[in-house]
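Scrolling down, you'll hit the structures one after another.
Next, two complexes with chain A in common: one pairs it with chain B, the other with chain C.
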Partner chain A sequence: MSASTSVPRERVARRYRQPSYARRLWRDIRINRHVYIMLLPVVAYYLIFHYGPIYGVQIAFKAFSPTRGFLGSPWVGFDYFKDFFNSYYFGRLLKNTLLLSLYELLFAFPAAVVLALLLNEVRRSSFKRLVQTVTYLPHFISIVIISGMLIDFLSRDGLVNQLLTWTGREPAAFLSDPAWFRTVYIASGIWQNVGWGSIIYLAAISAIDPTLYEAAKVDGAGRFRQVLNVTIPGILPTVIIMLILQIGSFMAVGTDKILLLYNSSTYETADVIGTYVYRRGILDSDFSYSAAVGLFNSVINFALLILANRLSRRYTETKLW
Partner chain B sequence: MGKMTSGERLFQLVNNTLLLILCLVTLYPFLYVLFASLSEADRLVQHRGLLMYPLGFSFQAYELVFNNPMLIRGYLNTLFYVVVGTAFNIFMTALGAYGLSRQSLMLKNPIMMMIVFTMFFGGGLIPTYLLVSELGMLNSRWALIIPSAISTYNLIIMRTAFQGISVHLEEAAKIDGANDYTILFRLILPLSLPVIAVMVLFYGVSHWNSWFTALVYLRDRDLFPLQLVLREILITSSTDAMTTDVQGMDKAGISEVIKYAMIIVSTVPILFLYPFLQKYFVKGVLIGAVKG
Partner chain C sequence: MKKWISSLVIPAMAAAALTGCSGKTPGETAKGQEGQSSPSAAPKEVAYPAKLSYWVAMNANVAATMKSFNEMGVYQELQKRTGTVVDFQHPPVGQHNDQFNLLLASGQLPDVIEHTWAAVSKGPDNAIKEKKILRLNELIDAHAPNLSKILKDDPELKKQIMTDEGNIYVFPYFSKEEFQRVYNGPAIRKDWLDKLKLPVPQTIDEWEKTLTAIRDGDPNGNGKKDEVPLLLDLKVMDFGHAFIGAYGITSGFYQDQGKVKFGPIQPEFKEFLTVMNRWYKEGLIDKDFATMDQKLKDAKMTGNLVGAMAMNVGAGLGSYTSLMKPKYPDFNLVGVPYPALKQGGMSVGQMNAPFIGTGAAISANAKNPEQIVKWLDYAYGPEGHLLFNYGIEGQSYTMVNGKPTLTKEITTSPTNLPVSQAIAKYSHGSFSGPYVVDKGLTEQFSPEPFQKQAIETWMKADHAKLLPSLTLTSQESSEMSSSMNDIKTYYSEMVNKFIMGMEPIDSFDKYVGTIQKMGIDKVIQTQQKALERLNKRS
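Take a look at the complex of A and B:
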């Protein structure tokens, strides 16, 4: 590489004239035709099932009627967006979506980091493996079953209330009292995913250079100091990447679980943009309006992702792209 | 490891105790469900508080569950979605991962960018629903298989694994006259069994657990996967159909044990596979994590 820089540019260009991009591409396609044939169904899949819906999102700006189709329906501009912003639901949905995401960021996100730190301090590897095996498990159980168990345990007469009355406390209406919804949602989420979430941090910890710990020990650092000054800085880049990704799905709170757990008495705190889109769009066939609501959600989400990435690039040199 | 100071020993003790409690809290709900499912219905209804063992011993709930035609249908449907869907997932993901792991390919980066973009932005539920319905897949099994052919995250994991295979092997195969199909199916895939196992686990579990796509796209109850049947029974509490035959028994109690038995019956396959696949999935998450 360094040798070629010493040769004047024009002479190199004269000797090896680069063919045009189109010619090179054509040659590449001829040589690698089998690879391109393999990629064809993959590209087609992404075009149809991922870019197709992006193209279809235009119905958010059209009075869509299934009989007239995507192209035949008349444009209405931002009418549906205005309707949504002016509706009674807008503030409530936005607040619920943001709060559930924020609580997840505040409680569920650090929980996985903390579990990884605790697990790393376990000396006996058989015990460590046991804890890992047990805590990963709920991640693989379907959300329908998890919700079913929650409904059973948290019902008015369920196990949790039995235990509460047994210890002399008042039973709570966990599933029909809006004040409880967020707690139930976040706590059960931590219960289900904390182990799984810790895997990535454990991996980051195991990648830390052991000599750093030796050096810290020589400097007189105890276990706690080592965690503070070696382990945590060591996993920080991973934590930041995960944080960006988390922020990148800020508006996409787990619609699945909410649909299973909420009911009309908890809409006040449980209804989020995703569940509202499902009700208005799929159940009520209100396609254009709910597509507009969904688009609003995706755009905010995408903007947050870009913002998070930019902030991280500026302040921490860690970035997604 | 050297000697521990008393402070360290205390820390170890607190730490291990915390983790043990976490394990108990994670595991106990499943144990409760297991014990309850085996209990005698009328005794279970009377019982208050934690269960440490089954109250009595009865397979009645399981008999009722296995005599329920809806559940059997759901099981068979889910088996179809898991087997056919996962096979299709692996096939498509392998094609993409192979192509995108070719270093020299000129269109590699543009295609990669096009794919990665879809991880961050999409059309959303409604346009996707309308597309699937335009394609005539509404109320058909294909709606649960084709629109989710590839998970981009899994594609990236598999691509990273393929990139780790030595190019010399491929060059040797090429000299022996192998084309790309032979290289992928006879060389790369057999060499990537651990990552294929991870992919089978991830895709398989997601098909096994999937219910929302079925809720959105399927009307015909004969096509319902297990999870949708479970939803009706666990969430909307309709066990009536199963308890009509039961006579002289506490209906409420019976429908309670039926719920527990259903949870066990639909979780067992995962619990059974889990230990075999566990050693692979941590590896899978790690390969995926390296690339971010």
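Take a look at the complex of A and C:
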């Protein structure tokens, strides 16, 4: 956007030199058709599962009845949105959703970067591989199993409490005390995903030009200085892209995991928009209402994504688009 | 042939003769020739359907040994007799409510949907109006002679299965006798009481003393103070009312001399919470009660840790005993009276209404409803009655003195299955379905004296306060479901907090105020109106 004044002239010039976009695309498809064929399933996936269902969003504005169908149900405007904003739980749901996302951003997100930086400093490759394997294995375990393990570990006479009593501390009601829920959620999230998340940063680190390190060494930088002045700036674009992506799904906290971990005594801190939508929509078959709530959630996500990208474009050179 | 049997069989054969005429089932024709000609021929006789699809929640008793209802003796035999091939569709155990809602939303309904239709959001009348299921009154009159006869003989039953708008919406699951409808109540480890030289507690105060003794007396004898004196499960309390019933209320809606009330906002509920909070603090109830699920409950019970718990007679008393007896020969879990507030007092107990809105509905897309009605009606005839209750003669039951009697294979299963699971291989007897439960079955169904004794003990409770199954208009139920959702969430959250002491009992009034703000008064009024309509129904 910054170079906007010069764009038109450039375009005009290009138009004379190059064939049209469609023609270029067509030529590219002919040449690289295998690549495009590989792309097809992905495009189909998005069309079918992400763009197709947008049609159904209209039920958020309709008194939807399955027998009348999408088109037959009468319009009610923003009634469901108003209901939700006025509902008893609106404030709490919003707060819980935002806080869980914020904590994830504050703790879980940097954890992967830090792990990658630390792993990079490990010289024994066998140890490094071991750590990597151990840390990213939990990523491959189903969330249902993970939650089951958590419940076992954290119950009143579970592993964690036994360790606590063994070291002379009071056992805690991790799963029924609302004060613990956020900690349990975030900490277990880190445990499950930190290793996997660090892979992309390790890849980014390995792409840093080694001559930069040599130059830094010549300038007298120690290990810590090298990390600070070479490694971190080197992976910063990757970190920022990941951050923007993360913000894009800011409000989409792991509903499935919360559903598996929460219970009525932890609703106070655990109930988020997603779980509320599940209870209202699926359990009470209040489809229109929950569609409205879900849509509200997505709109916030969308706005945050745009905002994050704009901020990043303004203050750093990195951006998604 | 005994007179009793012949009186059952002859009309059935007559019915078979009629089917035979339609020529669909060759086996039936031969049978029909032996029977007498039928005096009451329906105007236009239809055949059994060639095939139909049937959606029903998987029952845990069936799931224990089988994957589908198709493997059950009752449906294999039914297929032989009617020639109808049934395609059973089962949602996963524990998810049937979610799956049911999704099924309705998808619009692609199977022919028959068995569910608790009265509990469906917006109610059965709305489901009929929205053309999801059929109004069955006329179809039953024309094509279901067996059910018609039952309804004619028992006007009270007819009153219960009809909605306010006069619709019959399912082939009902119906159990007449009180004995069949009481199956949940408090149970205690009698062997532990004997060890501690304690009598069976009768009142809440006595329970407190008993539970304290269990906590301190190390009745499981492992030298550790690891006993859970009372395993409290609020979900069980919600329908069995153990402990809360002592205060003359329930944790849901109940009636007090014809007036509907909501238990959680009554002053008595505060007293109940005070006691539970004390019990929790003292370690008399399980610390993990808020996160309790069935697996954890079973683990604690079979881990020889639990002193008392409210449970079902079959999948509870029966199954725990058969699991524990081999390892702990002294194990003696007995059903005990619902604790009362004062000596000689009465507690609200558990008793289902004869009809709770459960049964098989026919979806509006079914192509041949008349045939399906005829097929469903089979269970209400004499032969079907035997088949659905007792299963297959010679395998799961034999006729002893004219009475169907469960065989050894069922009552003392060689593979060590509890009766409820053993019988599920052959018949519907241990769980709901579109049929009328036989009185004799329930009596045999709890063959162990301790189970019979438990039911008899639990029957001695106050059932007058329980609400019958009410039907709401679609308008009423959609209004109600919206406030009840918030109220239920708030209630379940606060109850846990009150009991665990995270919220002081003093804020009870504030809690009541919040529930009132959420619109409970209007909901109570709605329920009141529905109750009055039911009482006026004729």
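Just so it is clear, the second predicted complex is superposed on the first by the 272 of 321 C-alpha atoms of A that agree within 3 Å, B and C clash if a C-alpha of one lies under 4 Å from a C-alpha of the other, contacts with A are read in each partner's own complex, and residues count from 1 in each chain.
Note that in this section a residue touches a chain if its C-beta (ideal position, glycine included) is under 8 Å from a C-beta of that chain, and two chains touch if they have at least 3 such contacts.
Just so you know, these numbers come straight off a predicted model, no measurement behind them.
**Q** Scan A:Arg223 for contacts with chain B and chain C and give back first, second, both or neither.
**A** After superposition on chain A, A:Arg223 lies in contact with chain B alone.
**Q** With both complexes overlaid on chain A, does A:Ser265 touch chain B (first), chain C (second), both or neither?
**A** second
**Q** With the two structures laid over each other on chain A, which partner does A:Asp284 touch: chain B (first), chain C (second), both, or neither?
**A** second
**Q** With the two structures laid over each other on chain A, which partner does A:Gly294 touch: chain B (first), chain C (second), both, or neither?
**A** In the superposition, A:Gly294 touches chain B alone.
**Q** Look at A:Tyr36 in the shared chain and tell me whether it touches chain B only, chain C only, both, or neither; answer first, second, both or neither.
**A** In the superposition, A:Tyr36 touches chain B alone.
**Q** Answer with first, second, both or neither: which of chain B and chain C does A:Ser87 touch in the superposed model?
**A** A:Ser87 contacts chain C only, not chain B.
**Q** For A:Asp177, is the partner it touches chain B (first), chain C (second), both, or none of the two (neither)?
**A** second
**Q** For A:Leu243, select first, second, both or neither according to whether it touches chain B, chain C, the two together, or no partner.
**A** In the superposition, A:Leu243 contacts neither chain B nor chain C.
**Q** Is the number of chain A residues in contact higher for chain B or for chain C?
**A** In the superposed model, B touches more residues of chain A.
**Q** If we overlay the two complexes on their shared chain A, which of chain B and chain C does A:Ile151 touch? Say first, second, both or neither.
**A** Both partners, chain B and chain C.
**Q** Where on chain A do the contacts from chain B and from chain C line up?
**A** Residues 66, 151, 282, 287 of chain A touch both chain B and chain C.
**Q** What residues of chain C sit close enough to touch chain A in their complex?
**A** Listed in rising order, the residues of chain C that touch chain A are 97-98, 101-102, 104-107, 121, 130-132, 287-288, 290-291, 296, 481-482, 485-486, 489-490, 492-493, 495-497, 500, 502, 514, 517-518.
**Q** Contact residues on chain A for chain C in the complex?
**A** 65-69, 83, 87-89, 151, 155-156, 173, 175-178, 263-265, 267-268, 271, 279-280, 282-287
**Q** Which residues, counting only chain A, touch chain B once they are in their complex?
**A** 24-25, 28, 32, 34-36, 38-39, 41-43, 45-46, 48-57, 59, 66, 70, 115, 118-119, 121-123, 127, 130-131, 133-138, 140-145, 147-149, 151-153, 159, 162-163, 166, 191, 194-195, 199-200, 203-204, 222-224, 238, 241, 248, 255-256, 259-260, 274, 277-278, 281-282, 287, 290-291, 294-295, 297-298, 302, 305, 320
**Q** Can you list the residues on chain B that touch chain A in the complex?
**A** Contact set of chain B toward chain A: 1, 5, 7-8, 11-12, 15-16, 18-20, 22-23, 25-27, 29, 32-33, 48-50, 92, 95-96, 98-100, 102, 104-107, 111, 114-115, 118, 120-131, 146-147, 149-150, 179-181, 184, 205, 208-209, 211-212, 216, 227, 230-231, 234-235, 259, 263, 266-267, 270-271, 274-275, 278, 282, 285-286, 289, 292.
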